[in-house]
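In structure tokens below, several structures.
Heads up, the next two complexes both have chain A, just with different partners, chain B and then chain C.
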Partner chain A sequence: MTWLGLTPAQWVEYAAFLAAAGASLITALGVLLAPRVLHAAIWLLFCLLSIAALYALLGAHVVFAIQVLVYAGAIAVMIVFAVLLLERGTGRGILAGSQHLFAGLVSAGALTAVLVPALAYTLWKHARAAAVSGPDTGPISGQAAAIGRLFLTRHLLAFELISVALLVAMIGALVLARPDRRRQEPPETADEAEGQADVSQWHPPLNVGAEEDAP
Partner chain B sequence: MTLPPVGLPHYLVLAALLFAMGLFAVITRRHAIGLLLGIELMLNAANINLVAFSRYGGLGPTTGLGPGAHLDGHIFALMVIALAACEAAVGLAIILRLYQTLATTDPNKVRAMKW
Partner chain C sequence: MSDLAQWLQLLRRYADAMAGRWHIPLLANDFLAWLGAGIFLLALITIVSLVAIYLERKVSGYIQSRLGPVRAGPIGIFQTILDALKLLQKEDIVPAAADWRLHLLGPVIFMTATLMMFAVIPWDRGINVARWLDLEIGLLYLVAVSGIGVIGIVAGGWGSNNKWSLLGALRGAAQLISYEIPFLLAALCVVLLAGTLSLSDIVERQQAFVTEWYIWRPILWLAVAIFLIAGVAEVNRVPFDIPEAESELVAGFHTEYTGMKFALYFLGEYGHLYVLGLLFSVLFLGGWASPLGGSNLPFEGFIWLNLKAWAFVLAAMWIRWTLPRLRVDQLMELAWKLLIPAGFVALLVVSVALIGT
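Our next item is the complex of A and B:
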């Protein structure tokens, strides 16, 4: 039994895709339109979760889990923490603010105007053929084991490099965010700060040591 | 009229839209963290592409590429997520340090290396 050429299972997949894709687009709009940076960061958290749902639809179970754990669980929450630290420093909510709206609209619009029609054309032209040839899924049950094995064989170099990169980023974040104990008075404005860059002794208003917990 | 089932182009269109929105955020935000949020959106759009290509075999048959070639896109996506974690950690540390030393988080006001 088919309707519009799709079986019920395909309709279910269609509905799930539309729900996840719509959620990710709406939450991404929230990131763009939220007046406060804190709200934009929380919108991003939900955007990352709906993108995780898309990974689940694509059968990428390991990437789904890592997206929820690392991206939504660590990165987004770390951004929220950083915004809260900054708001504590400034004593008020941080506004996102916009500039170059015209340049942004032109470049984003041009990118969309080139990519989406091209891809939509491909959709109507080749999607049937792609569906007939069948998606290249491979076995899904042993995906975690297979990815682990790949990391230790074919992609061993990338695996080792990513460990080094994470270590360097961790040390770099620690060094950068370490409280500077030589200064005393926080400069009022950026211009004043430039003038007194070498004035010593102020205790920063931020507990930036929390940055150590970066993944 | 028949509708094509959900396939590679659907995911590519979605990723293109998300990437354009991230680009818009990077260009227009006046706060450094807003910029970082846009970069995260763009990274995620690229990740969707990688996993979708891996699922629908956009590169043709994977036989002859060795075992597990159908999972290469997943490996790429995991690498991108790990690098995004690095980028967020260092980026946020720089922004906090910027606020400590210059008392601003507006990238336009940081002119020490401009002329």
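Our next item is the complex of A and C:
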């Protein structure tokens, strides 16, 4: 039973693809156009989830799960958390919208210039492979193990470099967050000394009640 | 194949035959099967929450030397049903200054994340809602989806535009991000030992006999302890309920919620607790495997899995009504300075024990 050359299952797949792709485009627009940063962050969450749906449709289940775990579950949550701390913690709103139109256009153009040839090359390679040996429709199994093996063999260098980059980012964040002790000038008055002591014992705003424990 | 699987297959064959008679395309029949699974899950979560809330009140009463609900029905068993009916008819109040979109989105995301976690739970041999997911990445998927729930807490807390809600949301975000790491590390120990991410396969590794259950392996005991502590923290229950801490924050992130939206948060929370119980049984207690050896009872696996999960739920209630609440900084210290290093130690112990096997 086919209709316009496609079986019902294929029609459902197309419909699901169109829904996920459309959702990712609309939510991406939402990220750009939302007037408030927190709204943009929630739009971003849905954008990342609809891209995860695209991965699932492609049969890349591991990539799908990693996308949900890392991007939606960790990065989007971190962005939301940072917005909450900054907006309400400092009392200043974060500007949303495009203040850097030129830089944005340049980076978007550069990204497109990289992505379009890469996509075209992949499509061409697959078309040639399909012409030689027929389309690749075999079941995909054991993806998690295969990906893990590739990480530890063929892509070991890239894998380790990413780990080092993450470590650098973590140390950088620690250095930025630490109160700077070297630049502190000796206190001139008793009041100032007290003020500086408070800075060195600074706790995050969440730390309600921690002061009682401080020695 | 288990009885439940045979029964479902029979139902499926009957449905396919009916579809043929009524000229319904088989695809629509597939869709109906998915719809049925969805309705089953919703009904299950509702019933589980009703029972869990009743049990919670009875257990707390027992622990505090009082009776708990007694008025509605024999020993008060209709109490939570009546409470649910009351919640259904309550007015849906959105505060005037609230960000109504986020206020609406909060409970919806929270409940959806909980519902999605059920997709890979193996109810019996060969039975779960999303087989294609369970086949290779069941555990990864479950952990990934459970991380989305925190967005529901944050969206609800921020959207309410209330200082208690906002503080609760901030605490919830910080807590859930922190406790996800030891939770994952503990689950990873089981993955290392079983050599698979599929929840069904993890159960298959333990189902031969009671002594095969992973909870009897001493190298996993540290992981069991971490899983229990981090699991209770993941569902925001006392001693880790600082996002709602009623003595400090009124009701935390759900202060401004009434009626069905409040009920959604409640359903999500108890559903999450139950799914954690299911996960604990799958990882450590042999899942659907019967400790008495196989028998011919119908739905045997489903019943055993539920018994084990409810044991976990009862233990969580026991903990809740026994321990006092931690302070925010103590909570963070417990996660980052104790549980995460302990998680790495547990992972190391299992890895070393596996060398040469």
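A few comments on the model shown:
Heads up, the rule we're going with is that the second predicted complex is superposed on the first by the 128 of 215 C-alpha atoms of A that agree within 3 Å, B and C clash if a C-alpha of one lies under 4 Å from a C-alpha of the other, contacts with A are read in each partner's own complex, and residues count from 1 in each chain.
Operating definition for what follows: a contact is a pair of C-beta atoms (placed from the backbone, for glycine too) under 8 Å apart; a residue touches a chain by one contact, two chains touch by 3 or more.
On a predicted model such as this, the values are computed, not experimentally measured, just so you know.
By the document's definition of touching, of the two partners only chain C reaches A:45; chain B does not. Of the two partner chains, chain C is the only one that A:12 touches; chain B does not reach it. When the two structures are aligned on the shared chain, A:170 is found in touch with chain B, with no touch to chain C. Of the two partner chains, both chain B and chain C are touched by A:85.
Legend: residue contacts after superposition of the two complexes on their common chain; A:73 is shown touching chain C, with no touch to chain B. Between chain B and chain C, B contacts the larger number of chain A residues.
In the superposition on chain A, contact is made by A:143 with both chain B and chain C.
In the superposition on chain A, A:62 makes contact with both chain B and chain C.
Of the two partner chains, chain B is the only one that A:103 touches; chain C does not reach it. Applying the stated contact rule after C-alpha superposition, one finds that A:35 touches neither chain B nor chain C. Shared contact residues of chain A, touching chain B in one structure and chain C in the other: 62, 66, 74, 76, 78, 85, 143, 206, 208. Contacts from chain B toward chain A in the complex involve residues 1-14, 16-25, 27-31, 33-34, 36-38, 40-41, 44, 47-48, 51-52, 54-57, 61-62, 66, 68, 70-75, 77-79, 81-90, 92-97, 99-106, 108-112.
Chain C makes touch with chain A in their complex at residues 25-27, 101-102, 105, 132-133, 135-137, 140-141, 143-148, 150-151, 154-155, 158, 166, 169-171, 173-174, 176-177, 180, 197, 248, 327-329. Listing the residues of chain A that touch chain B in their complex gives 4-6, 10, 13-14, 17, 21, 24-25, 28-29, 31-32, 37, 40-41, 44, 47-48, 51, 54-55, 57-60, 62-63, 66-67, 70-71, 74-76, 78-79, 82-83, 85-86, 89-90, 94-101, 103-105, 107-109, 111-112, 115-116, 119-120, 122-124, 126-128, 130-131, 133, 135-138, 143, 146-147, 149-151, 154-155, 158, 162, 165-166, 168-170, 172-174, 176-177, 179-180, 186-190, 192-194, 197, 204, 206, 208, 211, 214-215. By the touch criterion stated above, chain A contacts chain C in their complex at residues 1, 8-9, 12, 38-39, 42, 45, 49, 61-62, 65-66, 68-69, 72-74, 76-78, 80-81, 84-85, 88, 141-144, 203, 206-210, 213.
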